[in-house]
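Given below, in the form of structure tokens, are the structures.
In the two complexes that follow, chain A is the common piece, with chain B as its partner first and chain C second.
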Partner chain A sequence: MATVSSTPVDGGNSPHGTGFAAGEYSVTTDNSKRRKLYSRLFYLLCVFISALSVVVLGVLLVSIGWQGHSRLTSDLLQNSHSELNPDSAGMWPSIVGSIFICGICALSALPLGVGTAIFLEEFKPTSKPLKMLHSFIQLNISNLAGVPSIVYGLLGLSLFVFMFNVFGRIQVNESSGTELFGVSHYYQVLSLAGGGHTVLIPQDDESQATISVDAPIQAVDRDGKKFELAIWDPKSGTPKPSDPEVRQRTVRKGQVGGAYSETEWYYLRLPFGKSFLAAGLTLSLVILPIVIIASQEALRGVPPSLREASFGLGATKWQTVRNVSLPAALPGIMTGAILAMGRAIGEAAPILVVLGAAVAKNSGPQNLMDNVVTMPVLIFNWAGRQQAAYQELAAAAIIVLLAVLLLMNSVAIYLRQKMRVG
Partner chain B sequence: MNRPTALVNKKFRSTGIGVVQEKAMVVLLAVCALMTIGITLGIIVMLISESWSFFQSKYVSLGSFLTGTEWTALQSKDIEKAQFGIWPLLSGTLRVTMIAMLIALPCGLVTAIYLSEFASNRVRAILKPTLEVIAGIPTVVLGYFAVLVVSPSLQFLSGGGFDTFNATSAGIAVGILCLPMVCSLSEDALHAVPRALREGAYGLGCTPFETSIKVVVPAALSGIISAFLLAFSRAIGETMVVALAAGTRATFTADPRQQSQTMTGFIVEMIKSENEYGTVQYFSLYAVAVTLFVITFGMTLVGQLIRRRYQEVYS
Partner chain C sequence: MKFTSFALTCAIALVAVSTGCDKSSTTTDGGADSAAPVAESTLVGTIKIDGSSTVQPISNAIREGFIQEHPNVDINVSGNGTGNGFKSFYDKGTDISDASRPIKAGEFEKCKENGVEFVELPVAYDGLTIVVNPQNDWVKELTVDQLKSMFVGDDAVKNWSDVDPSWPEEAIQIYAPGTGSGTYDYFHEVLAKKSGKELRGDMNLNEDDNILVKGVADNKFSIGFFGVAYYAENKDKLRAVPIVNPKDETAYEPTTENIASNKYAPFSRPLFIYVNTESLNRAEVQTFVQYFLANTPEVSEKVGYVRLPESVMAKAQSNLDAVSVGTHFVDESGEGRSGALTDLYKDENLVK
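== the complex of A and B ==
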């Protein structure tokens, strides 16, 4: 087989094109004329249909460029989606969101995928039951590659967003489930200082949403320092404290405060809810089969002589993998990983299922449990609207998305080329 | 046997730790691999348990789900009047898929034949990256393309015979989407056919057309068919194009000019509608997903069987 793949096939088929010029064949019957005509026609058909895909790509790029070029402004990159003012709407939060989701996706899918590929390629079992398990896993991976991404989205919805309802359901605008860390609950009470200055009182009972302050109580300031909150009762006749420092630490008697939670970036709760962590993990399920198959191809391409040399030096299997096979296969794995990431950036259906179609968000994610907008979801939302302004915005956003993808793909092609030479 | 002490006494510190490390690594890698089986199990458990809640509801039955020709899960406000028959969605999916296949399969195969049998290196250097770029285009972009270009041109050509959202424009976009996949997989299969077969055919006096159609393509048929099946299941599971371009009314016709909600299109519509968790409408999306999963899973399995059973081995 090596001879077939190493020599280009077209090198051997000179009998097309000029090879069929009249007079080269001594026998020219009607039949052979007809056959040559068919061959000629088929060749033309091939050229025509193959050129069609280039034409389609051209039409696609030109039409989208034509539709969207007027909106390729700095507004597009800096602003966020706006319902009231489509003329200055932009896609900045979605760019940040896409990057974050792809980060989660890469962190979870790449180690898992490469690990699986190493297990399947480098640790070939010898006993019969293990061999069966091995081929079953292989079959399973090929089947997973064919599962529609929207089904992965539903899996992500059940598994990450609701966790099969083991921890209770996520409710809108309400902290629910089991909160693990990264969050502090407070009541927020207006102090005497005015100007919207508030003090925070640690919340003991999380089911209680409001508090009414009647007696001095422990509170914390914005830096997290504890202090005793003073009370000023207007009915007692004592004058309002004049010192602004004191006024900041004093509230009117009977003042009511609402619940308020402060989250750190690592805030984690179970189930994950409609969060960007859930979306990233769902996407990693989508691209996992792609990563595995690409890494397997790359590992298969490493010459066995390299491994044998390593074994001959007394290295164990894992040492061989770590020091020989993996470095040798790395360019191929990187190429596959970048292509998979490109797929992840463009994928909208699973994210739509996990996070919903809402796009009103004016910043990137603040913590792991924050909602997020991605570029394809934003494009889907804009493209589905009737107003011309949003249609143009969708085209402009597509141009940005395609530019990002083109960049990634050219990096992948560059890596592949480099690998082939080396 | 008199062996050196170093070989008899093998309790070196490094090997002792090494063995443990080695075992730990193997276990870790095996866990990674078993995770993929876990994903499949997760999908199956999720689909069965959630669609169970659907079929348990008193408003639906398995029989009417499988035979019903009306799907009004989201249109009817009243749950008692809602109809859950899968056929409109299934027919919508099939309409879009058929149109896509009519475009992707012949064009993909012909392009693959051209690439592997005829194309010079220069043409290949243009065509292959072009196909790769098409394969890398996000599906939401193709959906937008269908709405922006394909659908208006269809309406223009037919003098308004098509709906704004119709099965044909979605099908054309899905066909463009599947074409690179059909092409690259078939080209792999064609490429694997040994040169000796081609040379034999040319030696017998075949024209390039006869060589490709009568010798090379049949020799690569198992690979080509499994490529076709893969493309088919890809087209069935395609979501964003149909969500944008195929329309939102589930119709049970064979008319490709009408709206046609597909299974994936319904799932997206359902998600957008924000029906609360626990309603019958919400669970109906899992019933649709089961149908979708069974079809695509069956397709991939059959494709693999064909590839394994009928693969010609040249060595």
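== the complex of A and C ==
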């Protein structure tokens, strides 16, 4: 490096990037040979450095591929985590979970981030106090981009999961928090049929968590039909009913039942609790500064002459933003968004804080307040196991994660290209 | 124009995602149908479990069997650690708390303050075996202090002769589970945590137990450690070292009986689940916990732990049936009790 800097500076008057062309211009000077050599050496250094990163990436990919290729089966894509049969364990619920969380993240972070960038770039204030506020916000956004994601995880925990306990706490055995819609409350009581057959009794008083059935009562079956629930008292001496149909509609006297909330997919309550909605919103906090900064850079790259021309034609600020700045900046904004989403799908730390370390789940989310498994958390768990099978699974899951990431990126790049042409 | 095409492509992407969602529900339905044709269980509900990551595999495995029979019950098993698990347990955030140690007096106090009553159920033993090569004819038994000198700190001894002058003057080769494993943590906890030190850094670490077994089996001067269930499978290639119990100064082999009687100390510990009694009123939790106790001996052996003695399991079952609340490991004055599970898990020790 020292030798390079000791040579006469020739970068200023020779064309950049083409070391050979620079040499041609300087054949007459006496040190041309040396300069030519340095130029060539620098070129080789650049090639070496870029090749090095590619080699490191290649080694990583090959080693992961070597370790995980045997597990890249349809089982991996279709099944869920299995403790008893590691050989047929899979990651389908985590793929769905990651996509859902990234969806929430994109839906909230991208409009918010791009909107903020437009406001900061296109609607710059003129008065002094507002200018100070503007630069204060700008400074904060730049700093926030460097904050570790686990800090956002902790923020998301109190902001989305608990909402500072303003709406009450989510507790077991209580219909807690502020439930908005998509839920009906029942008691679940075991019937005489056995084998886990239960009946539901509509819950009138939500503060009463358990019920003890002593007298015939209105109940509903799984199709929503109401019927009268019969009681069988073992002490009365009457034999237990033998007809399975009757048994299904009868419970033992004094049988207790606990509260059960039946939820629709749009079930919503405040606070969000440990749900994928909270996780997605937390991730959107993580990537928001990145999206804002990238969008700002993109908007800054739009030549002022375009805007001035638009204003000159009598367009309003909104029309200029809508028809000139934003379309011109969109490819850059999309690039920032792709990078940000790539980071979001690979984040494990904030998800661990917000959702906990659950890995065994058989499906994607059933409602908005449902917990999910995500790919980074599953990989984290598998990689920490002692059994060799899970080590291989972790490697295979990393390949799948990369594939999903590439798929998402290629869709976004396709969109970007399409917009550039159109 | 540009924006309409953008919106259109976005819509297509959204549809693609939502069809993915549909697929998830159909696959699970299909899986449930084929897996559980026997009982027409209509049990529904959500059970929340959090706590020790050591117990998590047992809970996950039990859950796996349970949902074969009751496919509509949603069981969330998290492994955020015993302490964190107890915290959400006394905040009424979970129905069941997995624990790799008994509840502490402070946590018990918090439960009382918050009106959380629980049934304490031991589910398995976790044992840790120290193994040497079968050709190793000099190590008859090891004390905790000898183990400390061999394993703790970067100034740990290099040769066997440094531990005992009568032993060969050969370098000690150590094969140990990776730092991410619970076994490593546990070993560290027993030997090094009190003195605030770390285990020595020059061990051959591997997450794959097979490699540890092979390493010790192929090298006369090696020593290693891992879960006892793994030693049981490789008895022909390895020799387990009896460990001198610091209390009665006698060396004990890591047999199932010695682990169960806590004679194999300090390398055996019981694992627990704590069940909120209010949750026990719920049909799904009740059925699940019954299933848990009935199946935990087989299942915990399958995932690498030692089953509890019949007597302890019977006591646990009767405690669950009678809903006997309280802990056996904190005494009336609020001090923690220590000792063997078989000695402490008795009615007279139950503190509400």
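By definition in this document, the second predicted complex is superposed on the first by the 284 of 422 C-alpha atoms of A that agree within 3 Å, B and C clash if a C-alpha of one lies under 4 Å from a C-alpha of the other, contacts with A are read in each partner's own complex, and residues count from 1 in each chain.
Just so we're on the same page, a residue touches a chain if its C-beta (ideal position, glycine included) is under 8 Å from a C-beta of that chain, and two chains touch if they have at least 3 such contacts.
Just so you know, these numbers come straight off a predicted model, no measurement behind them.
J.: Once the shared chain is lined up, is A:169 touching chain B (first), chain C (second), both, or neither of them?
T.: both
J.: Mind working out whether A:201 is in touch with chain B, chain C, both or neither, as first, second, both or neither?
T.: neither
J.: What is the contact status of A:329 with respect to chain B (first) and chain C (second): first, second, both, or neither?
T.: neither
J.: A:362 contacts which: chain B (first), chain C (second), both, neither?
T.: Touch partner of A:362: chain C, not chain B.
J.: Based on the superposed arrangement, let me know which partner A:59 touches: chain B (first), chain C (second), both, or neither?
T.: In the superposition, A:59 contacts chain B only.
J.: Chain B or chain C: which reaches more residues on chain A?
T.: Ranking chain B and chain C by residues of chain A touched puts B first.
J.: In the overlaid three-chain picture, which partner chain does A:384 touch, first (chain B) or second (chain C), both, or neither?
T.: Both partners, chain B and chain C.
J.: In the superposed arrangement, does A:288 touch chain B (first), chain C (second), both or neither?
T.: Only chain B is touched by A:288; chain C is not.
J.: In the overlaid three-chain picture, which partner chain does A:155 touch, first (chain B) or second (chain C), both, or neither?
T.: After superposition on chain A, A:155 lies in contact with chain B alone.
J.: Looking at A:338 after the superposition, I want to know if it touches chain B, chain C, both of them or none. Which is it: first, second, both, neither?
T.: A:338 contacts neither chain B nor chain C.
J.: In the superposed view, which residues of chain A touch chain B and also chain C?
T.: After superposing on chain A, chain A residues 169, 356-357, 383-384, 391 contact both chain B and chain C.
J.: With touch defined as at the start, can you tell me which chain C residues reach chain A in the complex?
T.: It comes out as residues 1-2, 5-6, 9, 13, 17, 20-21, 24-25, 27-28, 31, 38-45, 48, 50, 53, 56-57, 60-61, 63-65, 67, 69-70, 74-80, 91-95, 177-178, 180-181, 183, 207-210, 226-227, 276, 278-279, 281-287, 299, 302-304.
J.: Can you check the complex and tell me which residues of chain B touch chain A?
T.: 18, 21-22, 25-26, 28-30, 32-37, 39-40, 42-43, 46-47, 49-50, 106-107, 110-111, 113-121, 123, 126-127, 129-134, 136-145, 147-149, 176, 179-180, 191-195, 198-199, 202, 207-213, 230, 233-234, 236-240, 243-244, 264, 267-268, 271-272, 274, 277, 285-286, 289, 292-293, 296-297, 299-301, 303-304, 314-315
J.: Flag every residue of chain A that touches chain B in the complex, lowest number first.
T.: The contact residues of chain A facing chain B are 1, 3-5, 7-10, 12-13, 15-16, 35-36, 38-39, 41-43, 45-47, 49-50, 52-54, 56-57, 59-60, 63-64, 67, 111-112, 115-116, 118-120, 123, 136-137, 139-152, 154-155, 158-159, 162, 164, 169, 285, 288-289, 292, 316-319, 339, 342-343, 345-349, 352-353, 356-357, 376, 379-380, 383-384, 391, 394-395, 398, 401-402, 405-406, 409, 413.
J.: Using the touch definition from the top, list the residues of chain A that touch chain C in their complex.
T.: Interface residues on chain A, with respect to chain C: 78, 81-84, 92-93, 96, 99-100, 103, 169-174, 188-190, 195-199, 209-210, 222, 256-260, 262, 327, 330, 356-364, 366, 371, 381, 383-388, 391, 411, 415, 418-419, 422.
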